[in-house]
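Following: one structure in structure tokens, then a few remarks.
In this document, chain identifiers A, B, C and D correspond to the written order of the chains, with residue numbering beginning at 1 in each.
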Amino acid sequence: MTLETPRDHCGVFGIYCHDEAALMTYLGLYALQHRGQESAGIVTNDGKRFYFHKNMGLVSEVFNENHLSRLKGNCAIGHVRYSTTGSSLLVNAQPLVINYYYGTMAVAHNGNLTNANELREKLERMGSIFQTTTDSEIVVHLLAKPSFPNKIDRLIYALGEIKGAYSLILMSQEEIIGIRDPHGIRPLVLGKLDEAYVLASETCAFDLIGAHFIRDVEPGEVVIINENGIKSIKPMPDTPHKFCIFELIYFARPDSFFFGKSVHTVRKALGARLAKEHPVSADIVISVPDSGNSAAIGFASESGIPYDRGFIRNHYVGRTFLKPNQMIRNFSTKIKLNPLKDVIEGKRVVVVDDSIVRGTTSKSRIASLRDAGAKEIHMRISCPPHRFPCYYGIDFPSNTELIAAQHNLDEVARFIQADSLGYLSIEGMIEAVGGEKEFCLACFNGDYAIKPECGTTKEILERNNSTVRL
Amino acid sequence: MTLETPRDHCGVFGIYCHDEAALMTYLGLYALQHRGQESAGIVTNDGKRFYFHKNMGLVSEVFNENHLSRLKGNCAIGHVRYSTTGSSLLVNAQPLVINYYYGTMAVAHNGNLTNANELREKLERMGSIFQTTTDSEIVVHLLAKPSFPNKIDRLIYALGEIKGAYSLILMSQEEIIGIRDPHGIRPLVLGKLDEAYVLASETCAFDLIGAHFIRDVEPGEVVIINENGIKSIKPMPDTPHKFCIFELIYFARPDSFFFGKSVHTVRKALGARLAKEHPVSADIVISVPDSGNSAAIGFASESGIPYDRGFIRNHYVGRTFLKPNQMIRNFSTKIKLNPLKDVIEGKRVVVVDDSIVRGTTSKSRIASLRDAGAKEIHMRISCPPHRFPCYYGIDFPSNTELIAAQHNLDEVARFIQADSLGYLSIEGMIEAVGGEKEFCLACFNGDYAIKPECGTTKEILERNNSTVRL
Amino acid sequence: MTLETPRDHCGVFGIYCHDEAALMTYLGLYALQHRGQESAGIVTNDGKRFYFHKNMGLVSEVFNENHLSRLKGNCAIGHVRYSTTGSSLLVNAQPLVINYYYGTMAVAHNGNLTNANELREKLERMGSIFQTTTDSEIVVHLLAKPSFPNKIDRLIYALGEIKGAYSLILMSQEEIIGIRDPHGIRPLVLGKLDEAYVLASETCAFDLIGAHFIRDVEPGEVVIINENGIKSIKPMPDTPHKFCIFELIYFARPDSFFFGKSVHTVRKALGARLAKEHPVSADIVISVPDSGNSAAIGFASESGIPYDRGFIRNHYVGRTFLKPNQMIRNFSTKIKLNPLKDVIEGKRVVVVDDSIVRGTTSKSRIASLRDAGAKEIHMRISCPPHRFPCYYGIDFPSNTELIAAQHNLDEVARFIQADSLGYLSIEGMIEAVGGEKEFCLACFNGDYAIKPECGTTKEILERNNSTVRL
Amino acid sequence: MTLETPRDHCGVFGIYCHDEAALMTYLGLYALQHRGQESAGIVTNDGKRFYFHKNMGLVSEVFNENHLSRLKGNCAIGHVRYSTTGSSLLVNAQPLVINYYYGTMAVAHNGNLTNANELREKLERMGSIFQTTTDSEIVVHLLAKPSFPNKIDRLIYALGEIKGAYSLILMSQEEIIGIRDPHGIRPLVLGKLDEAYVLASETCAFDLIGAHFIRDVEPGEVVIINENGIKSIKPMPDTPHKFCIFELIYFARPDSFFFGKSVHTVRKALGARLAKEHPVSADIVISVPDSGNSAAIGFASESGIPYDRGFIRNHYVGRTFLKPNQMIRNFSTKIKLNPLKDVIEGKRVVVVDDSIVRGTTSKSRIASLRDAGAKEIHMRISCPPHRFPCYYGIDFPSNTELIAAQHNLDEVARFIQADSLGYLSIEGMIEAVGGEKEFCLACFNGDYAIKPECGTTKEILERNNSTVRL
């Protein structure tokens, strides 16, 4: 799934009381890089001062040895961010660091508030000024309101105001606080590295630094880590859990664990279930690398059709300045993936991928397989058709661009020119991922736990924002 | 006056309704570059959106053709900034652009508030968050307070709160507003370029773009420029004018005009008066280039002693990474100025400069003249001794480092090893600059029009700021 | 095979008479990026002038739109280069462009001369000066010798002087010439894009630009492409072919074709043969991604043991400044590959890779599988043990660092702590790749077709070079 | 003299046996920066290896602390270079460092060979290849010819081949050699810093590092500095000396000494003589800063008309991307110099400058003085009219662009719109600079000591060069 990819907004990381806090945060963000490639930032504090550095670019581009050595202190939080072009601004890079009445505070946020507009207007009406277009700035404004003398009370007040999806890590001079919204839409996990507590969007961040996983931060939970150890409160009313199932299908790294299983294992199960729902007589199963790899193995294993590599990926794609369709047929496909002619030629091929968004990439992918001599091409998608926008932090194309929102199965198959097309059913998907948990399925079925104001938060904030930073 | 130079904080520029607003602002800042070399920024608006770009560096480094073409719209304001190392932060670069309840606003500020700390605390107590350590952020917080529905009322309220030195240019979607504090400490001039009104710190900015000077913005005046033309109000109580005399002695460009005379002409008069107050029998008059050039010509003309070049300036000094005293005797002096041996040798030399701050540069300068064979060296300074700190935007070294605050004339002369030393008297200075106006003389006589809280504003804001951006 | 990887020196590309010569060369180099990531360069000519740009970095970093538009003309050659640190110099980047008696000439070279030292001394004795440490400079010196008035005669003279491995592309105002050494050690292929002829190190470059493969440039062949079309001469005596088998095992992209088969298909055959030679009772077959992927699929298919993903690769490794062993156990392994715990845990695992060089990476890889709970680990290598250095362009560690040159099978197995270890036999390897061709097997059996002077060419040239460019 | 300025090619520096060789060379180049702002380079050697760094840009931009610390060894040579756009190539930056039969050699060159083309053809005919378009590459080719086993013999052979203007500094492992052409066209001075010998283009380089001046390297002299001390030979036949008089008039820094006098003192004498030759009744004498400053003081002093500042220079002009004539009348003048209105207004003004090249700058300068209210403008030039090209290293515009080559005095005066115009006579110039020495006056009288081949060397080399590096 490339070039028309849905995009998550962020990965977050925090560590309390470790001698190499900045380095561990750097590594944690390194492991979470797939969650955001636009900007990266780290804030540390040494109990007295806060030190921060953030910039546009990959973690490996933003930080060097010199930066890390100057990020002093044994507490740190970090953030990687993705965002669409309009708001790709350094000013929006996180974590946000602010000074307010009670001191200094840093915030890293993954997710999207659904009442951002309303809150921002309310705050502005009281005289607040805004320098970014992020929801994080709304959160810190709320936290800075001197409504209550006690920090936790102020936090509870702020959480009472915001709605939507949020996994937040806050850092003050004294503590680090991890918060997950009541529905638990975005992930947040708790671990330990020697004596230090760590928080991260995914467990893969723990693996790299050698931390061990303790447990998920629970939906609606506020975890406060300070010199007295760890304390947990649940200040918000209980509400059904709605973990974003698309984290399992697409976003999360295959080696991250949720609910006790690796994402890879879950995706193999999705692929196996897909083979049961949409069997086909074929010679080989191939995947669209790397997003379809796990599901393809599951499909092959269940169906008994041999798995092989059908595409070779160019690992140096990087940032070419070439326009997708420049000059060369199927260029946008070929620059990244080249079909293996002698694997494909004369074969009936099952191609497994994790989603179809606009359909143009799949179409071009299939065309390149035909060029390579495929006899039949059977497209299998390891989730149901995407029909609805996400208001909780995933940046799908608008409804009118989602091919499955506009067309039925046959039309999609005809558009992408597959000999057959099969999507996993909603029931099949839920069963494969482990039926007992509650998931947010809104992008498949339109059933939203939290009604958004109107449009996605980003759209709203951007709409109100009349500022363009070059 | 080098390496121990007092430093002003800013130059500001604004233009209303010109087809090439961004280009004119670029050129205006170019001409005002001497007022701040640390960062530069331009904000434009096209009636709908605001466009801005700012960065660390000189105007010629910060902007390229591409930036200017993307800074759309026919209104613009710009800013150049100087600041000491601790707070040399991009985040502090101006103009500041914010979104608030009534829209978007940009602010460029030259000067220093004397009650910044008090105001900031008051604002934080009401829930404001601060992302910079500039007084401009305080100003916009005040302007954003929804105290009154009418913009001008809100502005009057904000001006009623702030104390100190400020020449401000504000830009909203509809207008550009120029404001000068009631004492008129920092300069702000009004001009016209074809049909467009322009505001700038100094008239030299008008010369470059071909604008003509109309008049000074008066102390305490608020000039509102919009589609209805220009309107002026004076919402603040009248108070004695206190124009910073050091603008004339040192800061302003020699070709800028104040009170109808060029700064060069004023400095020649200072030099002539100096010759009368401290006559000496000598062979040549030389200046410390370029700061002493004008006064030296006045001194030579009045005294009848021939003027000659005594030092040659290296025009490529730029930013060397070398430490001032590295290895080589009088290095810090020689890297910039080399004495002309065959001019100096065997001569009785009058050296004219515009100030002595710590004394170390003068000492080293005099030593290099002795090395070049000077028989006698008579130092003449075109202003009185600096004895007191400035709270209105000039970044003198602290009191304990000002040599004249700690030592009498003889001690200073002995320290710098001059054969004689003469400072201009306060009376002589006032007479030479045109006695009738009122000036701020606080750095010479300690007579402060506005009492500061405690320390300079920058010190206070920095002190409260526990954040270090790498 | 990471962090202790053998490294090839170059990829070359050339195109004669295409309207988008620079763009096609850019794309060709893009596809050949795996052959050299240190520097990239393109030279074009429009029949009158030569235009070139080269720099350190990846193709996508070195070139932008502006460069391509200024690389005028419809002929172009390009080069990507790898080299060890000592000589990572811009001055060494290729293609080399020189002016000489007969005009201008550009050269791109893949391979290593074995008599570089001798030739350089001979040339210097005649007064030649050298500005780089590349063998390409030797080649152009020879070509510039005015030994014969006719260009082809001069070329034949030069080819008569040089020994070793070389795939060369030359460009003059009039033509492009592709040359392959008599043994055919390095690859060079010929293709056509519409009316334009193209030359490249591998066929994958043709796929991306939509060119079709015509044939290999044959060992000892000189292909001259000019306005009269294409002409081929074979000026050198016939000699046994010695194609570098390591191109098939490791270097070439899996989607490149040699001898009518994709490299992926060859590697699957190597893996299948490996399964026959070293069968083992196990639960899963995994690969070390991506180098072992194809062989692992072959092994799984032959053995009937299921294939699964055992490691997840971090696609954003990029250029971290971290030292391999910094602080964290198995860090050098984990930064790139993270084992999938729930796939590995409790299993008997076959791990397929394409080589063991120093052994330290394999050891660390196996340790991380043990940490993930593997019950047994059986290492299988899809080629024979590396025991001898390469003098023809592959930058293996020195003999004393090649673990198999110093230790027998049991010792290696013990060092890497595998439960069992199996290398493919030389016979098995030859049979799997298609026995009928002649290959250079020197790194496995020490049987060198061309005896080197003493040390690798790079070592010799560097040794003689007393110049250090910062 | 701006924007249409003649440009010298280089400044050179060398130091033998100093603990801080690289740092001293850095400072020496710093002081010589006015001789070339395009590229800078330093080569050092520690008796075994050569270390070098060069790049496009000013000395302060090209080098940082890290570079200097890595430029090891106690011998060093350095170079600053100017050149016109076409050949502004890094590849042409000096010093040139090459490997040849007898070891390694570095060369820094100031001047222009007049038989470069002929020599290059001759060398190419023998098989030499050229990678730059500089004459220095010709020099090293000649030095590398194994014509004689002894280095000095090879040097004498090479000097016997080359014709034209050259001040050369060579460095081998064992020694540093300074060479000046038999006519002594370009300067080269010898000094001592503690025990170390230093060579430089001008004495101002000695002042900065605290070295003392010993003597000029004489025309035709070869100074060899090695562990045996200093030795001098004169291998070339004696010939009349022809020191470039334009070094005194324009190029050299005012604080550099030639023939026992500072350049400033010489220029004052030129100005005084000019006042005698072209007296005028006027109110003030002003200069075009900074090039006319010294001559203006001389003119004022001789004529008794008061000297004043008429223009204020913007010290931050730097590199603006604006086109000279963009939009604004007299922009190209005003961006750099702003007239002082209250000095100029109503006055009869004598403007002293050091040359008129194309005339357009003078015209625009005079126009801006008229705008400022000047009553009369009398232009005085401190040298004779430029009528002929320079073949020895100064990059005047071509003959057809030199206004005085095409027009008589009256026509020039009318073109620049001066009320009167006076050039210094050749006799007056010679007398003022000290009549007894022999000077090259070719640019004034067309009397060339060495006949060039055809066109300037650069033109010839560029013409033959069909290579464009982006």
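By definition in this document, a residue touches a chain if its C-beta (ideal position, glycine included) is under 8 Å from a C-beta of that chain, and two chains touch if they have at least 3 such contacts.
Worth saying up front: this structure is predicted, and the values here are computed from it rather than measured.
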item: Graph separation of chain A and chain D (steps between touching chains); value: 2
item: Most widely separated chain from chain D, with each centre as the mean of CA atoms; value: A
item: Interchain centroid distance [CA atoms averaged], chain B/chain D, Å; value: 37
item: Chain B-chain C separation of Cα centroids, rounded to whole Å; value: 61
item: Separation of mean Cα positions, chain B and chain A [Å, integer]; value: 49
item: Residues of chain D whose C-beta touches two or more other chains; value: none
item: Those chain pairs that satisfy the touch definition; value: A-B, A-C, B-D, C-D
item: List of chain B residues in touch with chain D within their complex; value: 20, 23, 27, 30-31, 33-34, 37, 58-61, 64-65, 204, 207-210, 253-255, 257, 261-262, 264-265, 268, 290, 293-294, 297, 301, 306-309, 312-321, 327-329, 334-335, 338-343
item: Footprint of chain D on chain C - complex, ascending; value: 48-53, 67, 70-71, 97-101, 103-104, 121, 124-131, 140-141, 144-146, 173, 464-470
